Amino acid sequence: MTSSSGDHRYVLTLGCPDTTGIVARISGFLTDIGGWITEAGYHSDPDSGWFFTRQAIRADAVTLTRDEIAARFKAEVGDPLNAEWKLTDTAVGKSAVLLVSKESHCLVDLLGRAHRGELPATISAVVGNHADLGELTERFGIPFHHVPFSPDRKAESFARVAGIVDGYHPDAVVLARFMQILPPTLCESWAGRALNIHHSFLPSFVGARPYHQAFARGVKLIGATCHYVTADLDAGPIIEQDVIRIDHSDSVADMVRQGRDIETLVLARGLRWHLEDRVLVHGRKTVVFS
Amino acid sequence: MTSSSGDHRYVLTLGCPDTTGIVARISGFLTDIGGWITEAGYHSDPDSGWFFTRQAIRADAVTLTRDEIAARFKAEVGDPLNAEWKLTDTAVGKSAVLLVSKESHCLVDLLGRAHRGELPATISAVVGNHADLGELTERFGIPFHHVPFSPDRKAESFARVAGIVDGYHPDAVVLARFMQILPPTLCESWAGRALNIHHSFLPSFVGARPYHQAFARGVKLIGATCHYVTADLDAGPIIEQDVIRIDHSDSVADMVRQGRDIETLVLARGLRWHLEDRVLVHGRKTVVFS
Amino acid sequence: MTSSSGDHRYVLTLGCPDTTGIVARISGFLTDIGGWITEAGYHSDPDSGWFFTRQAIRADAVTLTRDEIAARFKAEVGDPLNAEWKLTDTAVGKSAVLLVSKESHCLVDLLGRAHRGELPATISAVVGNHADLGELTERFGIPFHHVPFSPDRKAESFARVAGIVDGYHPDAVVLARFMQILPPTLCESWAGRALNIHHSFLPSFVGARPYHQAFARGVKLIGATCHYVTADLDAGPIIEQDVIRIDHSDSVADMVRQGRDIETLVLARGLRWHLEDRVLVHGRKTVVFS
Amino acid sequence: MTSSSGDHRYVLTLGCPDTTGIVARISGFLTDIGGWITEAGYHSDPDSGWFFTRQAIRADAVTLTRDEIAARFKAEVGDPLNAEWKLTDTAVGKSAVLLVSKESHCLVDLLGRAHRGELPATISAVVGNHADLGELTERFGIPFHHVPFSPDRKAESFARVAGIVDGYHPDAVVLARFMQILPPTLCESWAGRALNIHHSFLPSFVGARPYHQAFARGVKLIGATCHYVTADLDAGPIIEQDVIRIDHSDSVADMVRQGRDIETLVLARGLRWHLEDRVLVHGRKTVVFS
């Protein structure tokens, strides 16, 4: 895994049809503008014929502004390569909104990371469909919005959630053990920005009560999966996964308890990579330049 | 994980309905016969109401024979507890027969372990539905039986395989990347003795070409599963599983190559535990006193 | 790893010279008093000739009090076996005091676990040699004591710390990234109760700045170690260790950041096992019935 | 980890003082000669001010020969950048010689990989200071040379070993649990080509009997380290490390047995990366473009 010092950087991410000369063209451009490359990741996927890259350059060595670089890049590189690309300035802070229900472990972990300055984003707000985590959130000085959900008026509740979330213009909408299924319109509206943590090693144990499913099947490892949210339940592009060992002596309650630790870590890693523009989505899969 | 020195031991495994006093009754019995317990594992499963134990005692401290111990144990402990139990003598060697196709990695690994005296069993023979691995097997001085399979005469081929295998009276029938599905009659006949290695982290990617399935889904870890063979494909009781990390740069071929290492290890561990009577099956699950 | 439900249990831990009949004697005793064993771990160490056990029994099935059981156990089992033993009642709550400096990750993690009711203890107080973590601690409703340390008056500061800590009679004194070395008198006074988290995989990188040492050596994994504090720096009995993978692209700052996650987990596991009486110390080593 | 298909590639590895424009210069050169980049790894080390890269290009798209490319690269890129670099042609087969003593696990594993065509090299020969592994080696059709070592004539034995090894001009000299310490002259002569597998997680437990040391210290994980051999015992640049979990129930013999699996895997990975020119050494450390 690579560094993300506090230093000022421009970060370029790009995907395009693979061909010869792409690296030369991009690195030639960056050299032309005086860019000192501090990180560079490349991937050619022979399966899809697609090329991916992420590059970070030192901002202090470049005299152009981000917008000037972007304009020149579009003309000289992006358009000629038919590329999808993005150029971000690490000096522009990012923000995240968390959606929660009653489980506090991911919330406390992310609040703690933000508090010690480790998260590359501000947590703008927390929205809960239950009120339980409000006090805890507010102890960290973060606004908490309680939006009750009743089974027969979910659309209305989701509209309120969307209104609150969109008001913050977040770079990430984090479903931090949020126990409601996003409606397709929100999946669409937050595409590429909404991250979920599922408490199983997907594609095993999709849907409800994955630890109960794992217990019934008698698996010897349990896991967690951080993925982008799509309209297809638990089937979005996977960003990160990990597992821990269990054995026959572990009850469902033991799995739930031990699983929290791996859910917490997997979500924190996935969110970090998302916020640092390390994750490129292509179809149902991700390229992660971690 | 616990020791298995070369020392002479009697190993008791037992499962029975849980109640008070079981441990006292068993350990009282073992003390009565002069047994020095060197290993003891216990598990009470509140879910099924079942009790499991495995105990190893030093044989040199006991004056009775295995059969005498067994007869007394049945009367004084096994029958009163309505237990399923087994008493084995580590001085009685165990044996395994391997079923293979064309992939050599699990075969070479197990032959190597047997050669260095690490496997707690003799490999009596290897049976292949292809001839490819015959020469390699015979280099290690182990008999190889080639039983060709034609799509329209599988029953006949399986009958030949069964005849060969059963002639060795093996304690383990190991499907070491054997690419034919056992018919229900053989699953039945070898119940509790036939072990398979499946090249995925079950229950993900059941059936054919699991690495292709894993590549298509974009998972970040791949795994392997050692399980007892049942008539239900890839759904038998799981003995052992493990995973390794992959990333977007890994092609299916890379997964196949790296997956071999984890298949090899998982099968070797599962087989070792089976041969040392560390695995107790209850319903669809296992208790493993590793 | 085994369950620790909220149910009422008596937990026995015992170590004694190994001989035949110990298990029978102990389980016979437990059966006599009506004990239903829910967990039992045994270990015979041929190297030291020592026997270790931990057993949990359901309290509701026993009519005697803890003190009555203990008195009978001493006479009938403990004394005859020349055993060191302990009998605890899970209904009697445990408590911990944390010592901290400026790093918040272990503190926030443990406060979060206590808040969600996962820690098998109350956190009575936090003592810091810096004031930095006071506000954070108090947000969780836990008292914070600031005891400044000046280089030339450490003995005095430690005397104040000891006074505060001992006032709480804690079952665990947790050095949660506390950056002062305990004097021998406190190591003695808190022997078997003081746990430290060291940010390396001991015995590698003892002492100061282990991540800098790891970077200089070019290791491919970094780790953390939870151990009991003894007068011998970073050399106390190890309770738990774990590692994470790094690579050449990780700076010292990256290691520090990623290392926090493994320090946090390793300390949390070690502390949990300590509080549940799962850790038996013998000489420089531990037996952990996890 | 990245692919290494059987396809024909040129692989460039380079290290040089870091500055702007290096990537552009190299990729510009590769584009000029018609190179289609299939893999590219970059690393800038701010600590040493050094830049590292490894790039693989499709050979079929280039009309120049390797020597022609190398000549132009030297003039246009290598010399101007004051770089240390290497250009290899994957169509030119590599070879390895193994040095062994009595332990067979790494040997069998590597023979098995070579047999199934997975190792990116031919095993030219095996040299043993004991005769024990000769028969096993020869079963795989590989020449075995027995060079006895007597304590008082080691220099002479090493001279014979060197003569045999150097006769094969190997790309890798693999100390596959070879229990003799190479003299400084051989460390020098084979610098950057001699790989050792040490049976501990270095820098813990340098020297003899590391599992005994690990047992005595009571660590909870044991490991293995693959490193380049230097005159400084067990202190050469680390290529790869890994660990496995053990517990109090594991004797030294158990550690030895379980440790074999991790030694085997770590050596196989390190050797593979070395043979694929994925390992760049700088000072006491490595950059591994795995």
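Note that the chains take the letters A, B, C and D in the order they are written out, and that residue 1 is the start of every chain.
Following the convention adopted for this analysis, contacts are C-beta pairs under 8 Å (C-beta built on N, C-alpha and C of every residue); 3 or more make two chains touch, one makes a residue touch a chain.
Keep in mind the model is a prediction, meaning the values are calculated, not measured.
Set side by side, A-B and A-D show the greater C-beta contact count at A-B.
With each centre defined as the average position of its C-alpha atoms, the distance from subunit A to subunit D rounds to 37 Å. Inter-chain centre distance (subunit A to subunit B, centres taken as mean C-alpha positions): 41 Å. Shared interface positions of subunit B, i.e. residues touching 2 or more other chains, are given as 39, 46, 247, 249, 251. Taken as a contact graph, with one node per protein chain and an edge wherever two chains touch, the assembly is complete, since every chain touches every other chain. Residues 20-21, 23-25, 27-28, 30-31, 34-42, 44, 46, 61, 245 of subunit D are the ones that touch subunit A when the two sit in their complex. Subunit B meets subunit D in the complex at residues 1-5, 39, 103-105, 108-109, 111-112, 115-116, 118, 136, 139-140, 246-247, 249-251, 253-254, 257-258, 260-261, 265, 268. Here subunit A touches subunit B in the complex through residues 43, 45-47, 52, 201-205, 215-221, 223, 237-238, 240-243, 247-249, 251, 284-288, 290, going by the rule given at the top.
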